[in-house]
Each structure stands twice: as structure tokens, then as C-alpha cells.
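Listed next: structures, encoded as C-alpha cells.
Two complexes, one shared chain (chain A), two partners (chain B, chain C).
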Partner chain A sequence: MINWIQKIFFPSKIQRKQSTPDELVPEEGTEKVLNGDIQSIHAEMNKAFGKSADFKAGELKIGGKRGFAFYLDSMTDSKGINEIITKTLSDPTAKQYRINNEEELKGFCREFFSASAYQIISYQHELVWQLLSGSAVIVVEGIEGAVSIDLKTSEHRSIVEPSTQTVVRGPKDGFVESIMVNVSLIRRRIKNPHLQFEAFQIGKDTRTTVYVAYIDNIVNLGIRNEVIKRIKSIEANAIFESGNIEEFIADKTWTPFPLAYNTERPDSIAGHLLEGKVAILVDGSPFVLSVPVTIVDFFEISEDYYEPFMMGSFVRFIRYLSFLIALVTPAFYVAVITYHHELIPTQLLLGIIAQREGVPFPALVEVLLMEITFEILREAGVRMPRAVGQTVSIVGALVIGQAAVEAGIVSASMVIVVAVTAIANFVSPVYSFASASRLLRFIMILLSAGFGLYGVLIGLVAMVAHLSSLRSFGVPYLAPVAPFVWEDQNDVFIRFPIWGMKKRPRYLDTQAPIKQPGSKSPTPPPEGDGS
Partner chain B sequence: MKLQENVSVIQLLALVINFQIGSSIVVGLAGQAKQDAWIAVLIATVVGVGVAYFYYKLLSFCPGKNLYEILEFSFGRIIAVGVSLLFIGFFFYIAARVSRDFAEMMTSAILPNTPIEAINLLLMLLVAYILYLGLEPLARTAEIFSPYIVIFFGLLTLLLWVSGDISIRQVQPVLAYGWAPIAKTVFPDLMSFPFGELVVFTAIMCYTTKFRYAGKVAMVGVGIAGLLVGFSTAMQIMVLGVDSVARSNFPLLSAAREVSVAQFIERIDAFVVFIMMLGIVIKCSVYMFAAFKGIEYVFKMPYRPFVFPITMVISLFTVMIAFNFAEHIDEGLNYTIPYFNATMEYAVPLILFVVTYIKVRKQRKKKGAEKA
Partner chain C sequence: MQVIKIVSFVFLLSFLAGCWDARELGDISVVTGIAIDKGEHQRYKLTIEGLNASELNAKTARGDAPSVVYALEGDTIAELSQKMNAGISRKLIYSHVRTVVISEELAREGLLDFLDFLERNREIRDDFIFLLAKGRADEILRVTYPVQKASTMKLAVQFRMMADHWGGDPDVRLKDVIEAMVSPGREPVLTAVRVQGEKEKGNAVDNMKKVTPDALVVLDSLAVFKKDRYLGDLTIVDSRNYLLIENGIQLTSFTVPCRKGKDMAVRVYNASSKRKVKYKDGKPHIDIELFLESRLDATQCADDLTRPETYVKYEKLVSDAVSRDVESTVKRVQEKFKVDIFGFGEDMYRQDFEHFEKVKDYWNEEFTRAKIQVNTSVMLRRAGIRTKSFLTEKQ
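Presenting the complex of A and B:
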């Protein structure tokens, strides 16, 4: 009976056919060996790549034998093909070279291709894979194996300032879509052989390269192994962005809060790695992930550490405050207007009531109207073509501002509330964290409309309870506040001077808990000290 | 998934403080002692510290076992299930009472037009959600909000002082009626409520990560909470005077209404509710958690599936235990405290203590004999 219901409602459970191409991941035992029969290999490749216009197969002569060179036009550097293959093969000494077996093929490569990265491959699926990752492959008649020469084009967007998390003081370079460039951006900051990048291929159809980076004598091995385990167990067909990975490896899906940190800033990632965290780089995405994360990380930005520590601590306080403002201001307004008039000083109350006199809606409708209008404007602002930006901003400013008030649809104080909320929301350094407060704000508004401040408080306590139930790779989300860790308080609400931060966060339980044991305050010794 | 949830030492401290403050600052304490109520509370605190030590000692006979498992250890499963059911009923009943205290205050002072059922339901939904998440989130929530409770207390005192409402004369003359009324309030009223209520921690304390500190921490927690409650009692009397406190249903709330600074900060009672609500939520959740642990023991299955249905039933029960607030308080003072509380908080644990003590000693002797 149950099976029968399953068949009707969950047919996918039965038809479990993978779309993975057999050419890439053959079943075990059915791998085809490159056996030197170049005609059949040519035919197989033609079948595999079908009508792709960028697939090229050129016949050539190598070591006195016939051969084929395969490559994808789009992935390889045409200049490289020209120089390395054509020139090498037309070289007189190369023409005299004779290849009769695999050993001699290797010798040929040593002699003539040593300037470029090459490798000998022996299976057909490897050949396909090499072509797809930008190599040219040469097969020789009657010789087992093939030569694959790396001719990847290194085309990428130039390194520019990140569009999120901009800083006033601090490095201005940002990650780009090419994973190799991103690796180099991190490596340049940490010149340490212990910084390691483990590579994985994720996505059955896309075969996206994913790097897991960590510093192996600092990172907590349990956390690192857990990250690798979760990454390996991803069964996705396509990975385009680190956001895809994030959803697969998060500890909990039903939460508006992000359980991995994402940033475009190489200095942030370098800092996180040195704290003992694990970074995840995804080819094709300028956003690099870092795990495990605690809520405190979302209120920090690398600039905090470049500015004087008092300033750094102050802006951090401003960020915490703004999060709270963005979360509860509209709800608080609704609660006070609807239930708790006595909380407002009389003068102000009279003013607000006078404004609201012409407004036909209850506070709840008014606030929802404005909030939703604002969310629409905001979405339009992100998505619209740059050319029409002017129009939207003018219309938006007029609609949401004066006109709505003059038309008597909303009160002027409501406009202030929505504006303050919106601006406070933009303070959050990490965009994905700000969207959590965007969502929860509406729940708070509804609670406050029903129960006043009591509802808002219930909502806040429920949110805190939810936050304290979250974990990111086993690390409690609210660490080091709850559970309270005294040693880690030097980087939570107040950022201590850099020389005062001697230890790595204890909640990460790193292999090297002390990072700079000898750091001292720069105070000079008192005069006349003698020594 | 982790099988065992643990509570850190700091979290236990936060839980105990919040729990003890809980409903005792909502409804005033020790009204019979007149202006010496604060002395009564402080004396009861000293007793309460002793009580905390007693419960700790009871648990330390069998480390890692909670109340119900110790019951089984001492009396065998059949009797243990019976007594556990009694405890479960007691905990649920007190949880309902606690939530009723708060809901009554909300309806009479903050949200007069909202029916008590709605207020209660929302509170219980929150409690159910926290319990569904588990003990750890409960403890962490308590940990996070504790500093705010102390800050709000300090702020309230400061504001009352600034607006000139505190007058030390209201508590004079000290000991005008002698020690007799104080002794009468300490025993049995204050002994059972709030200090004897620590009995629920016999179902929780055993999950502390460093159990050997648990006793000390619980004692410190009771001490701090007692000082805070004593302080708030004294403040209520100093602000309102003995007669108003006696007449007021929710003295701390009435006291907070007196605040008026620079004609700007006025009527902050909605904020005072904040302190109270946290205490109530924690207290209610702790009671419910202890009861659910009992259910887990009796029915031998995880408590999570029970959380929402039972909590909703309790929410209904809360409304039905009394027709109005006067009856609710009357029941509390004249029936619950002398009969129910005294039995479950002192009589049963005392018997359990003696039996467990004898049994543990016997076992040790046996082991010693085997070794020798």
C-alpha cells in the first residue's frame, strides 16, 4: 500500500537515472584504455562531443607516425597551440625522432614539451576530462597512452575593488571568478607552506572545481574533516556559485540566518584562515565561503582591524545597534501607536496623532504598505539596467517620500521609521545576514500588531532561542557569548588592540591556540630605566 | 546527533537566577511581614542556599542520574513511576500557575483588551518552541538575557531614585512587630515559594558539564537571586509604602509606574514587563522541561513529540485553574503552598534522601567487602 502511494506521489524515487555522462565517469571496470587505435578514438571523440563547433581534431605526424591532436578551441590558447604543438612538431630534430613504444613517447615529451605542463594519460574518460579542462591531447598510432598538454587560457575579469564590503582603509582588491587568481590572492597574503588547498570536483553535470583551504597546523582537524566530508557528499548536478555549496553543507536549512560566511575580500579570508577556519573557494564565483561561523563574525569587517581600536570598537557597537533597529523599529512603532500611547512623551504623541488624523489605515496596514513598497524599490534598484537607474530613484523618492504623505496615505513619522529601518539594514557588512533581519522584521511587525510590545519581546526571545539552537560545523552560533567564553571576549563587542589579541578563538579549538605569545604593548620603557 | 545535552556552569547559574526571580518579582513576597518583608526574604535566602545544597547532595549520591532515575534506584521502577507521575503533575501545575501569574498581570496592566487566553497561548507557544529546541538553547537563552535583567534592575532603581520616589522612611521602624511575623512568613511560605521550588533542578542539575561545581553554583545563584528579590521587595516598600504594596496585586509594576524623569521618561512599566517576562519564560520552561524529562522516564521515549500537544493543554489548563486572580492567589497561598509544595519539595525528597543514603552506603560497604 505504502509502496503504491510512493509510486504515485514520489515517482522520482523509482526513476533514478543519473544524467552524468558516461564518457566522464564510467562505471568501474568499463574504463576504455587508450590503445593506440587512433581512428576509433577519433570516432569516439567525435561521438562524445557531437556537433560542438569548438571541438577540433587535427591530424598530424609525430615521431614518424600518424597521430591526432584534440582540443577545444574555446578552452585553449590558440597561440599556445601554434607555438607548442605546430612548431615543435615541425622542428627538424623532432622530425627525426622515432616513437615506437610508450617509453619513447615519454622521452619525446621530456625533450620537446618540457617547457609546458604535460602529462601522460591512459584512459579515454581522462582524455575527455583533459579536453574539458583546457588541454590539448595528442594520440599516436600504435602507442598506448596519450600526451595531454595544458594550454588553458587564463582569461578572467581583472581584479577590481569588491562591490560588497567596501572599505575606506584597507586593501582594495577583490576576488574574481577565476579560482586560480583567487588562490594567488590568498597565497600572496599568507606565505606559508602550511596553507593548503584541497581540490574537489563537484556537480555531476558541471564538474566545478572547488578548493577547500586551510592552514594545516592551525585548523581544528575535526572541523576540517567534517567540511571535507560534507563537500564530498554533495550530490548536486550543478554548482555555479558558492551559495549552492552553502546550502548543501549548512547544519540547518530552516533558518533565515546564514551558516557560512561569504566575502569578496581576500584579506578577510586570510584573516579567517589564520584564526583557524576553513575557506571554500568555488570556481566561477567571486564569493569565497568561510566556516565555521558565529554570529559575531557578521558584525565584523576587516577594516575594524586597520583602524584605531577605539574606532573599531565604536563602529562595531553601531553595527549591533543597527541590527536591532532594522529588526524592531517598525514593530516597535506599531506597538506603541496601537497599544502603548503612554510610552510616548505627550508633546510627541500629540504631534503623531495630528499627523495620523488624515490617514485612513491602522498602523499595521500603513507600515506593511510602506515596507513592501520599499522592498519593491530595493529589488528594482538591484535588478534594473543601470541606464534607467535615475528614473527609478526619482520616482521612488517621490512616491515613498513626500507624495505618499501629502496624499494622506501614510503619515510623515511612518516615512521616517521606514527610512531609518532601511538605512540601518544596509549597515550590516554581510549582505546575506542583512536579509535575515529583513525577513524577521515582517514577523515582528505582525506580532506587534497583535500583542504590542509583549509580542515583540516574545518574538525577540524566540529569535534568540532559535539562534542559540543553531550550530555551524558543530560550533554554537552564539559562541563566544552563549556559551560564554571569557578568553574570547577581546574580539566581540570591543576590539582589543592587536597586540592584546594573543590567542585564537577558543571555541574553534585550534591546534595552536596562542597566535602571538610575545606581543607587547608599544609603551616605551620609563625614562632613566638604566638598561 | 548528540545524545546528551549539557549545561555549562555559567548557564546553570543563569538558569537558577532567572528561575528564582521568575514569578517572585511579579507577585510581591512576604506581605505579612509588613515593612520587614525584605528581612524575611533575606533570611529565607539563607535557608534557600541550604535547600539548594540539600538537593545537590541528593543528586551527588548517584552522579549523572536525574530525580526520576534516583527514584528508581531507591524504590524500584513501579513505585518510582508512581512518584514520578506525582512530580510530573506537580511540575505541570506549577508551570501553569507561573504562567497564570504573568498572564493576569498582562491583562490587568498592559493589554487590558486582550483576552487572557491569547496572551497565555503566545507565551506557551514560545515555551513549547524553546523546549522543542532542547535544554541547551534554553540554557543559552537564559545566559544571554541575564545581563539585561540585571541592567534593567539597576536602571529601574536609578530612575526611581532620580525621580525622588525612594524614601527610606517607608521601611522604618525596622522590626516594629518583632521577629514573629518574619518567622511566620519565612516558614512555610517563603520556604516553599520561591526557594523550595529549586526541587525542579534535581531533574536538570545532573546535566551540568562540571557536576562537582553544580552545588556551589546553585547556591551562589540562589544567593544572588535572593539578594535581587530582597532588594526589589525593599524597593517596592520604599516607593509605595506598606499599605499600597499590600493592596497592589503587582507591586513592582506599580512601583515602576512612579518613575517620572524630566517629563520624558514616564510610564516605563511596559519595559519592566520585559524583566518579568524573561524570568517567567525561563521558569515556565524549566518546570516544563523537568516534567518532560519525567515523561521521558515514565514512557521510555524521547519527549519531543509530546512538547507541542502537552504545552497547549497546559495553556488551556492555565486559564482553567481559577476563575479570577483573587481565587488564583488564594489557592496558591492557602492550598498549594502548605499541602502540595511542602510535600513535593521537602517531604518526598527527604524520604528519598534518607533511602538513597542508606542504599549507597550499603553498596559501598559491599564493594569494600568484595575488594577486601
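Presenting the complex of A and C:
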């Protein structure tokens, strides 16, 4: 489809002009070696970083030779520069050290920089790279190669409660923008050397660090390889958020349903990894992806497993119900009041007629008016500056709740329908899944206005057909319901007690299908036993 | 490609269905009552009660008429039902019909062919109450009532309550009537109603403003039919007994003399019946066994209710009285109407098929000379929250 649109609107081949400068990714065979000509290197660096205010190049003396230290003020720790470089170089023993070749440079580093992470680099683009990732690089006149000392500032937002998936009972820490912190949050939960993080740099311009995490003796290797293959094949210029990755690796673009799970909760990700899924962490994003995903995952939240299993199962039922309510309530209402009056109890029908007496619009217009007003309010609620937050809620409550009804533009029952729908939509634990029903709701409304309940039914049938055509990394989206997997039913509609869930989901086909073979229900000692 | 498929799929849908039966709520009137009379010039006169919804909603009510009653004459009810816009502004929907009333005159002449329309129509469902009006049927629709306001809404509630709590209404539906009409072993009955008070004053909002409305639709009697012809009435006590025999009620009350000039009342809260019909000496024998569970609701006799003997005595009194009462109802039907409204013929069809086949063409005559035997066993389980009556102290 997209290809089509491209063909129609851009008949000639799009001119691909590489925006990435050569300093970062030189073409094969044209890499420049650091040859010890520090003046020219200095000039090249000045050219590369141009007028950047944070680019610093300081001349210094090292091992009896002239040298340059390059770093980016913004990325490095100024205290570190001071402590490690300035202090070390002014040390009397260091001053006496002589560097005449690369070997001696390495020796110098071993002696004086061993406390910090350093490495010897030999290409000019590597130098640029190191600067960009927060290192200070020292070049010495006449010596091939350069020393790069990691002085990255580790500044990040402190770990706070996730803003999207809040729980009553359960850990309150959430992922942050720093990928290292995120890794540590997962590692702390799974102390297992088999938990591995493979790193990739994605994005021509941004070179964003992306980690693919899995437990290598559990994960289905086919799925893991597929994830890595798809990640490697991403050709994007910028990755800012895991959502960007999600769009590149999804099995299908033309679907309102998310084909990767995203969460801010480290415990959810840890749980998924232990089930045998693959997690994708993106530097700069607090949302971590987990694949493959099935539709039932979107009705679950880690809290289900922390509450007693009966409660966990009950709220799960409520979530399924809410999804349906959010999807079809307005459509059902429109269908019933325009086509199927016989379905409404007489008293209720009279009540609705009396309320609608004087409403000038047909039911469809009325419902679209309300739904769109609500969507506008909702969007405004997310986007508005926090300082004016009150305004939106007051205007919204008054406009939708009261004034519209009093003015006779909409009926009170329609307000109830829209409100119930809206609330039900917020029940979904994963925001991006809730937006699917938010979008499909409008299609349902149009179908119901045209065809009554028949249209609603056709819409639902089409939706289920579409759902069953979806795959997430080869796993059917409706698994384990369709295809039906009996063994996996212990965690779908009813959450079994933890000790009753002995196996990993079969549809993931993991290397270790059984996770806790010996788990038993608690057996209290017989009465009178014990002391 | 997929998208094209789906779009064309949805497009094709519009050929299968469409907005042809879409009706906005602002364009419809809910009909809850239909009354059918014999027309003056043409065969039928159809009267409908279309509700004024905003009057029936506590918030929007302004004290206007709760419904609009309009009548038209014609030869078929089916056509008339669609022609009502001659006088009514909105499209009428019949799916919420609560009450259908037919007039006495129509029933006497057996002009019930329109039942086919009621049965055939896809909108009307078989959950309305079916009534016979003593007098004209349209009058029944023209009586307002303070609570439900519209006449037919009131009747629907009233007769359900009556049927549930005492049993004076036989609770027949259209289906029951039609089945009884075509069954050789049963004849139809209907609930008969009449307007009590000043009919002309019922037709106004003012009727709702009095604690004793000027006009009121009341339960009158049980109308007995032979096929589609109305024969006459039984009292509502007979109607209750009819339901007891039919195994059709759970709750009812009896007043039984416990001493000369003194009565007691029992509340039956569980009732069941078994019927046996067989031929003996060339004559049908009908055995009705009633089983009643009850509690004592009131007594005017100063008997000691702490003693089991009193209960035994009372049970005997009640069962004798009930047997007598029920038997007399059946006898009255045998003598006065000579039709089997109880469906004993259907019992016989099941219990003694060979004999029934022989007599089914003249079963009503056979029923008339049948010997009736009623056995009642009454269980008096409790005596309310007072064991010793103050009446015993008084003496």
C-alpha cells in the first residue's frame, strides 16, 4: 500500500542523499588513519564540529611531546577531565615519561589511566565517535593512534513510578531514558548469566543504542534470530523511541493493533523474558518492547500475579469486558435506538424517547458529536501545559456533562454511553492497545448507523478475521485461544495460582518448556503436629 | 489488496441490508394498546393508544395527556395498523404492545379472524395481555390512571400482579387462545374487563387527579368461549379455581368458616394439581388432586394454635372448602356453558388416547356429563408470627 502511494505521488525514484557526514561513517576503504599529524587532525576536527560551542580542543604536553585533547563539554564530566587528565599530566612521574611510539603510548596509559576506562583507537572516524559518546581523546604528535578515555556523565532522570502502568501492589520503579539504568533494573530482577543483552547501533544520524535482551537457554532461537535480523535491517536515520523500532519490525503495518508489547515496568519485562520472550531496549526511551506478543498479553498486567489468583482472574474478566464495552457500546446504542426498538424494555424506551424529544440530530450525528468532542478533550488533556490543566477539565465537564444536555443538543443517555465507553477504554493496561479499540469504535458506529446490529456483527466478524490473520514474529496473535492450546489456558481468562503454572507458553516453543516442575500447592502440617 | 477486499466487502453489504428500517426515536410513537371493535360501516374499528413519551417521564412531564387514542374503521386490522397516520403524527411501532382488547360484540359474533394478523406480524410479540371488554373495547383505552397514566400500561401491570398474587386473571396469551381454539380437548377463555364509574370522565387528565378516579378499568370476570364465540362469564373466584385446576398459580388466599359465623383466612404459597381423566361405565371420570401448602393468615376463632390438633382441624376445614369450591366451579361450567375450558380433553388425549379418539368430535358433550372428583390435601405449615391469638385471652 505504501509502495503504491509512493508510486503514485513520487513516480521518479527518490533521490537518496546521504545526510550522514563522512566523519561518522566513511565509505569502505576511505577511512582515515590517525597518523600523528596533530595539526591536521586538529583542523579536521574543527571542520567536523564547526562552530559547536561545546567542542573543546586543548593543547597539552604528554610524554615530552605536543599533543591535543579533544572532548565535548556537554558530554563529559568536567570534574573527570580535571582529575584524570590535568592531574595525571602534571604529575612529576608522568612528566618524566617519554613516549616515542604506539607501544609506549599504551604503556603510559596502563600506568596512568588504568583507573578509568580507556582504549586506543586508530581511525579518525572512531575519534569523532568517541567524542560523541562522551569520551575525551588525546592525540600525540608523531604517534599513530590515540587514547580515548571514557568520561561520560551519567546524568539521567531518577527512577520514579511509571506514569502509564500504575499498580496498587507491586514494585513502583519504572524504566528511565538511560539504557544502562534500564539494564540494571532488569538485571537486578533476574540474576542469571544467561540473561544477555546484545547491542546494536540503529539510526544513521542518531546512532541510537538498542539492546536486544533474552535468556539464551530459554528463548526460542528462531524468534531471537528473527528479532536480531529485523533490527539489523532497519534503515532509519533516527530512532528516538521504541515506537520507531516497533514500526520497523512489526509483521504488519496495516493494523490498529500493536504487534509488540511496550511497558515502563521492569517487572513486566522480567516476567516476559522468563517466559521466553525477547525484550528490546532503546536508549533514550523509557518504554521497553517485548516480542512476540499475543492479544491476551494486553489484558494482563504484572499486578495480576501479585494479587490473590481469584482477584487476578476477576479483574482480567473485567478488562475483557471493558474492551468489548469500549468497542461496541456507542455502536450498539445507535443500532438499538435506530433499528431495534423492540430490544429495549418499554419503560427504558419511553425514557430515551422523552430525553431525545427536542434533540435535533439523528442518533448517528449525536454520537459522533459526542465522541469527537470527547476525543478532542482527551487529546487536549494530554497536550495542554500542566498549569492550565484545570481549565480543560472544568470546560470539559461543563460542556459535555451539562450544557450540551441542557441545551438539548444531545440527550442525557448519550452522555452516559460516551462516558461509560471512555472509562472502559482507560481500563486497558497497555495504552497502545486501548487506542486500537478507540479507533475501531468509529468504524463500528458507522456500521451500526448503516446496518444496525447486523453491521455491528459484521464489524466484529471482520475484526476477528483480521485478528486471526495477524502474527507477531510468527506467533498467531490470538494464541492460545485460536489456535487453541489447552496447556496454556492456565494464564488466559483465569490466572491459575502461581504454583499451578508449571510450564512456559507452548506457542512460544521455548528451549525449556517447563519452568517450575516441582511447584506444589502449600500444604499446612496436619493438626497437632509441630510444636 | 487486502484493503480493497475489505472495502468492497463492506460496499457489498449495503445490498444485503440498509437503512430501510432505520427509524429515529424522534419519528416514532410507541403503541402499547390495541382495541378492536366491530365497525359501524366496515368490518372492524381499530383503536390504538400511542404513548406520549415525555408525559411518562417524571422529568419532562408537564401534565398533558399521557397518550393519544385514535380510531379508524376498515376491513382488515393489518391495513388499518399502517393507516393510522391519518390522524397520528408519528410512525407507530407495535413491538411494545402491552394490551389487546376486543369488544364483547365482536366476540359474540366470532369475528376473530384478525388474530392471524397479530400472530403473523413480525413486530408484534406474543407477550401482551389479551382482554375482552364488557361493552366497547375502545373505552378501555380511554381511561387514565394516576400511576402508569396510560390505560394499557396500567392494565399490563395490574393483571400480572393479579395473576401472580391472587390468581383472578387466567393470564392467557394470544398463543394460548389460538391453541385452545384449534384443540379438540379445550376451549379458550379470556380475562374480561369493564370500565367502572363515569366513562366520559376517564378520558381526561383530570381523572388522574382524584384519589378515587372517576373511571377505572377493573377486572370483571372470566369470559368463556366456544371456539371463537363468546358464551358468557364466570366470576373471578371461578377464574382463580380455573387456575388452580390448570396448575397455573402459586399464590392465592382462601376464606374458610372455622365456626358458625366466624372465618379464618389461609394464604396458599405453593399449589399444584394433578388431573386424571378416564372412562368408567361409559362416562368420563375426572379426578383432580390439589396439593396446597399454606400458612394461617388470620383467624376469628379462639382456637389454641399451640396444639397440633388445631392445625389438623384447620387443614381439614380448608381442604373440604377448597374441594367444594373447585368442584362447584367445574359443575357450573358443565351446566351453564357445556364447554371444556379446563383442557381435560387434552389430559385424556395423553392418558387415554384410544377413548379420546372416539369422542373427540363431541368431547364437550362428554365433558358435560363427566363425573368430577376433587381431592385436596392442604398443609398448614405456619401461623404467622403470633401463636396465641389475643382472642383466646378475651374469653
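Convention: the second predicted complex is superposed on the first by the 512 of 531 C-alpha atoms of A that agree within 3 Å, B and C clash if a C-alpha of one lies under 4 Å from a C-alpha of the other, contacts with A are read in each partner's own complex, and residues count from 1 in each chain.
Methods note: contacts are C-beta pairs under 8 Å (C-beta built on N, C-alpha and C of every residue); 3 or more make two chains touch, one makes a residue touch a chain.
Please read all numbers here as calculations on a predicted model, not as lab measurements.
Of the two partner chains placed by the overlay, only chain B lies in contact with A:Ser468; chain C stays clear of it. By the touch criterion defined above, A:Thr338 lies against chain C but remains apart from chain B after alignment on the C-alpha atoms of chain A. Of the two partner chains, chain B and chain C are each touched by A:Ile458. Shared-chain residue A:Val359: touches chain C; no touch with chain B.
In the superposition on chain A, contact of A:Tyr320 is made with neither chain B nor chain C.
Of the two partner chains, chain C is the only one that A:Trp254 touches; chain B does not reach it.
When the two structures are aligned on the shared chain, A:Leu349 is found in touch with chain C, with no touch to chain B. Of the two partner chains placed by superposition, A:Tyr97 touches none, neither chain B nor chain C. Shared contact residues on chain A (touching chain B in one structure, chain C in the other): 339, 342, 450-452, 454-455, 458, 462.
Contact residues of chain A toward chain C in the complex are 1, 254, 337-339, 341-342, 346, 349-357, 359, 362-363, 447, 449-452, 454-455, 458, 462. Residue ranges of chain C in contact with chain A, taken from their complex: 2-3, 6, 9-10, 13-14, 16-19, 21-26, 28, 30, 32, 51, 53-54, 56-57, 59-60, 93, 95-96, 98, 123, 125, 153. In the complex of the two chains, the chain A residues touching chain B come out as 339-340, 342-343, 345, 450-455, 457-458, 461-462, 464-466, 468-469, 476, 478, 481-484. If you check the complex, the residues on chain B that touch chain A are 8, 10-11, 106, 110-111, 114, 118-119, 122-123, 126, 129-130, 133-134, 136-138, 140-141, 143-145, 263-264, 266-268, 270, 273-274, 277-278, 281.
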